[in-house]
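Dropping the structures in below, format is structure tokens.
Heads up, the next two complexes both have chain A, just with different partners, chain B and then chain C.
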Partner chain A sequence: MNGQRAAGVVAQVALQVSAVALAFVLGFVLVLIFGYDPFEVYSVLFNGALGGLENVAWSLQNTTPLIFTGLAVALAFRAGLFNIGAEGQLVAGAFAAAVVGWAVPRLAGQDLSGSPFWNATWYPVGAGVVLATLLALAWTAVPHRGRPAQRLAAVRRVAGVVAALVAILYLLIPRASGLFLWVGDVAVVPLALVAAAVAGALWALIPALLRSRLGVSEVITTIMFNFLATLLASYLLTTTAFKEPGAVPQTPAVAPRAQLAELARFAPQSCHRDLDATQLNTGFVLALVVAILVAYFLWRTTLGFELRAVGANAEAARAQGISVGGCVVLTMLLSGALAGLGGAEQVLGVHHHFVKDFWVGLGFTGIAVALVGQNHPGGVVLAAILFGALQNGAVEIDMMTLFPRELILVLQALIIFLVASGPMLQEILLRRRR
Partner chain B sequence: MPQPERQGPDAATAPPAIEMIGISKRFKTVVANRQANLTVNEREIHAVVGENGAGKSTLMNILYGLYRQDEGEVRVFGQKVEDHGPTNAVRLGIGMVHQHFMLVPPFSVIENIILGIEESAGPFLDPSRIARQVVELGDRYGLKVDLEAKVQTLPVSMEQRVEILKVLVRGARVLILDEPTAVLTPQEVEEFFKVLRTLRDQGSTIILITHKLKEIKAISDRLTVMREGTTVATAATGDVSREEIAQLMVGRPVRFAVEKKDRPPGEVRLVAKNVGYTSAGRRLLDGVDLSICSGEILGLAGVAGNGQTELVQGFTGLIQGLEGSIELDGRDLSGLSVRERIELGLGHIAEDRLKHALVPDYSIEDNFALGLHHRPPCTSLGRLMRSAIRAQAERLIGEYDVRPPLPELPARQLSGGNQQKVVIGRECSREPRCLIAALPTRGVDIGAIEFIHQRLVGLRDRGVAILLVSTELSEILSLSDRIAVIYRGKILKTLHAAEATESVLGLAMAGVA
Partner chain C sequence: MNETLWVVLAYTMVGATPLVLAGLGGVFAERSGVINIGLEGFMLFGAFFSALVAAKTGRPVLALLVSTALLAVVGLVFALFTVTLKANQVVSGVALNMLASGLTLFLSQVFFDRRRSFSLPDEAKLDFRFFVVLALILVPLCTVLLDKTRFGLRLRAVGENPKAADTAGVSVPTYRYLGLVISGILAGLAGSFLPFYCGSFAKNMTAGRGFIALAALIFGRWRPAGVLSAALVFGLADALQTTLLSNLIPSQFAMMVPYVVTVVILAGFIGRAVPPASLGIPYEKESR
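So, the complex of A and B:
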């Protein structure tokens, strides 16, 4: 049985690889038709994509956000959802990461005890709020009967916990500025990543609720949320609150402590010259770890089991007691969080600012990556590398040859087309045998 | 016992209507037909019988030109058929009525019939000429239908008539009917058989694909039994007994009667009081009162579509917000989710296993886990316990004889009978307090039916309360301790099994209390 499954996996991979190869062959013919030398174009393409350590690093740098958005789309696909909103969620995550990475270290250095919220008048009021919250928490512990009451109790419990945390932070901050300094210093990267994931998830929340409660197609709502995110972000970059002074529409730079370290720092001295030019950073490692976690989640946890069951046969899942609506919301939140992390990697690792339009195409390419990668985390990583390398090869073609860079887009489109029509090709082959 | 069939055209003196000689057909690695021979004489009703997966459908699809055989020869009225296809089949006078009707519901009857001939009639149609033709055919064969009625307003038995008329209008002299009685009440079956006899007497040849032994005996002139892709016997129906046919189909002797000891029922487990349900303005359940005791099988008889589905889904929680009350062990189920009901011990064998009972892409072991996958031993701290799931699956595969016994195989790749064994095994092994068994033997072959019946009786003997929903009267009669008849959402009659006969139930199922 294991052998059989392995054979199935091999057949799947072989199909995808042959689709990619076929796309390259068709691209070759295309170059020829347009009157360029295909050997020259292809050699520049491959050299640009994978020739030498520096080009490999560039390619992997392009790959990293695509892994995140590809995973986001693939995870949603597994639950039968088509999350086209990865781009908007990525923007939301990136923005949150930028704000945390810029504002928290600045705030951490300040003494807050004299500021409006923590002065002698307000501090007792705050303490009262803390007491009230703790009382509310105690109230939620009282058992209730019946289902609606149970759900309400759950909501109250969550609200109570959040309120208590806020209250405790409020009480502690002026007393323990050391803690706050630590947050601003060491913990700022994890904090920014968490903020990005939460922001990405929240950006997916409304489409998720609309889908699970009212059956509104997530395809349409997530597209609309892309517009909301990108246009809102563009607008915020015109306001003094978020725009750095200067000609470039971007937020102020994130603090050095909030940046993701460049991988060059961990590489041997001899590689530094090649790696220094790129911004390949620990975000790439994070992407690989996240891919493994997603795979573990999907196939080794009870929630993953339920999520895939909903994707494979929602009716059967419902009949077996799985909450389909709950799975839809959870999936969309996780999907949004993955895309949000991709945004954080871009801001904290590559640009160090939230720059206008850095996001263009990242979410949509993620859909292609998920498709080519067959919605499997491993496949997504490989497909993201393919697309990242092609992008870098395209840059090289642009610089080194007269051939229009659009070829690479055509090639990408061919790959997606052929991979998507893989089942169709199989079907045609089968039918002929009949 | 019948003789194995002799080969070739010398079997009959006049050229028979259909001859299929040495047919083999392979799909990738699966052999669907292996050296199958079928000879159907003119003006006879010929039953092709066999279990699921015996190759009946493939053989018929080859005859109708949907598939092409790898080996062998097809002759129609003595003439060898080359380059076969559905269009060609129609020209040769072969028509097929599929198990699932292929009608356009919002279209009228006549429009549906015209749709069937359109392809071969050129760009211009003369609806009135066709209508006249249909009326004439209907008069001749007793197939009366209102031509202007919309198909969606017709009962299934009428839809079937439309399908048959469609085929006849195209000039079919050989009719292939795939499981035609599956959707009919006993009385409708009688009516339908009359039509078939008229068709035969007027010169048509009928090939009937079925697995219902009683109907084979009632209607067919000759029969061919298929097993494992090949034809194992052809005989005149009068020469073989039901038991012999069943043995030929399964390959071993089959017991029909379910052994069931009398057993006094225990305490009341499941009670439904005054249950009602209205959807889209239609009253689907109306004042249903039922109670099932521990150690009792309550049979719910009725023609499909009279509220059984809604009642079952109301019990299991798939439909929420029913009127009235449903109690399990004295506990009100209203407002409880599907999961909570499963956890209280309410088992459910869903009527449509691929839609509600199984996730076809999931492996056998995962399907065994479904429903209680979120509890130990399948789950610990939110992680799936793969080894426990595997161990459970291996135990159940052995106990319920699932073939092939491969826990990793996707359920999709199992035969219908084995899929159903997975469902039965899952629900029975949980020792439910009450089991809702909706059409537990639907589309399952004789050997598996026997097995499933034994399991249900075994559960009953261990004190489980069972609601058996079935459209097969023989199943209801042989398993139930008490029988309730549902008609248009109401329970028309509840009686003890000893008082029930097929005719009493049949009348109640048709609404005559």
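So, the complex of A and C:
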């Protein structure tokens, strides 16, 4: 019934695969030109990428953050937005996750009723502020007649839920130490993930608003916010408040309870030797779940439909009564949140610290992942595996041969060039044949 | 006091020179309608090729010529993808940066016995003041070229309204190719400044200067004189931090200046920055 659509998908996949294959052929020639044995280099590369359980686990570990950043770029692209800022948003998310994962379990064991924010003077004031915030949010949620009522309604709803959660926590913490212990113990991972998503989204907020209100291209602003994030992070890692004592510029380690469990723990005993060396963690499973959720959101919800409508033709979407500005903001926030989750996975699952420069290249490779994956969540997962495996192959090339590992960067760049120009190349080649 | 002033001025010029050259490169690409995120990559290629030839031959002038020729080729390849094959310009820029980062390190290891950095022998060094003077000469030259010549008019027309230019008989692809080749050469010169100034080539030594040049391009409103003043402001911010205010302000905050300024400028708080009308849009010639 859907034969035509299936054929279209097959043609698209074939185009992507042939572009990737062509990049590998060019890489092969490059190796040959410089007098190395391409068969040796490529066999080491493929063995490093996918040979044996341990290498597969390493590759999937590299894959995980790329799924998140790839999804972030892909989701934005579906709404016609180019989020080059995934790296900055990932940094913001990672930092938030690191702080929550480190500070919350430490604070959870302490009696806070005498400390600032929760002492006898400030508790009533704080409670008043919280209630006022909630009332204000409830008021903004009331639809206004004669105005574009739906504008940002979804954003407000999310903000309302977050504010309500903050309020409940604030009001209950000093009264129920049991609850607070629970937050520091069981709930710290979800809390850190939420904090990371919120931080990532906030890092995308200004570019989003500039785009929706003033029509400023998000391409340049998100690039600028990448640099701002990395500079701010490297500054914070020089301050005593956030830097762990010692030579390494990193935050203190997150508590064991705040770490994402390694998948090795759930594997049969016989696999442990292969898996123990890697930090493949439940974040990978989370990435797959998030990919499914993004697909569900895009194709099974009204908001997802509106988002795609805006991406396909913003003017037509506006004519249909879709709030284009609200959609742009919402998409950028979601995109930032996805990238932020990727940062949380890196901190909570792999490094266990917010280490300086762990993020280099994750955002830009995410663009490549989204491009090769055709901005489809399934394609993004497959493309992320391709790039993650290539990275592990690079490590293997470094260890096993005299050949520079940077071959992989060259291959990645060639893949991007060829995939990006694939449709036109195909057209030219087919025209010639006719 | 007088001496400090000279030191600040010198630091400003050293910081501004690569930004001016790369920013001028950005002017030619973007006024012809092609977004050039790849300035960083062009710069890195320029830095590597000139350092490579200078270190191997000991002849800096030859190195500069070879590097310029190679950068023209890189510009051509970039144009092939973005203009002829209509690949997304931003994506292509990202790919170019990745290619530059990978290929320069790859070649460095091939030519220098598995090392990712190498230094230049003394006889291979070119006085870096040459680049400062070159940048200052090129600004008025580029202004004249863009504003007073037929070439400049056509290049700008292709970036503002390619359809009108095409109707008037100006070949849109030709001018975009020319814009990108000039862009590659100028950004390459900006990159060449770095190894001659530092006396060595190091891994990813451009360190984001291509993106700061992009910021200078926007701050300078896509005009050569504007690029110069923007680069001087950014250079001054950096120079003040390194010389006078190093105890007062952390270096990271001085480094944030170009990015913050760019966002503020784009937001329109200090005058409006309006990019060329057809920036980023591949030109489709209407068929029949």
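As a working rule, the second predicted complex is superposed on the first by the 375 of 434 C-alpha atoms of A that agree within 3 Å, B and C clash if a C-alpha of one lies under 4 Å from a C-alpha of the other, contacts with A are read in each partner's own complex, and residues count from 1 in each chain.
Here, a residue touches a chain if its C-beta (ideal position, glycine included) is under 8 Å from a C-beta of that chain, and two chains touch if they have at least 3 such contacts.
Just so we're clear, the structure is a prediction, and the values are computed from it rather than from any experiment.
Once the two complexes are overlaid on the shared chain, A:Q320 sits against chain B while remaining clear of chain C. When the shared chain is aligned, chain C comes close enough to touch A:F364, but chain B does not. Partner contacting the larger number of chain A residues, of chain B and chain C: C. Contacts of A:A312 after superposition: chain B is touched, whereas chain C is not reached. Of the two partner chains, chain B is the only one that A:R300 touches; chain C does not reach it. In the superposed pair of complexes, A:T238 makes contact with chain C only, with no contact to chain B. By the touch criterion defined above, A:I220 lies against chain C but remains apart from chain B after alignment on the C-alpha atoms of chain A. When the two complexes are superposed on chain A, none of the residues of chain A touches both chain B and chain C.
Note for the complex: chain B touches chain A at residues 67-68, 316, 318, 335-343, 348, 350, 354-362, 366, 369-371, 373-374, 378-379, 382-384, 386, 406-409. Taken together, the chain A residues at the contact with chain C in this complex read 34, 82, 84, 206, 210, 214, 216-217, 219-221, 223-225, 227-228, 231-232, 234-235, 238, 364, 367-368, 371, 402, 404, 406-410, 412-414, 416-417, 420-421, 424-425.
By the touch criterion given at the top, residues 35, 37, 81, 84-88, 90-92, 94-99, 101-103, 105-106, 109-110, 114, 208, 211, 214-215, 218, 250, 252-253, 255-256, 259-260, 262-263, 266-268, 275, 280 of chain C touch chain A in their complex. For chain A in complex with chain B, the residues that touch the partner chain are 1-2, 5, 146-147, 299-306, 308-309, 312-313, 315-323, 434.
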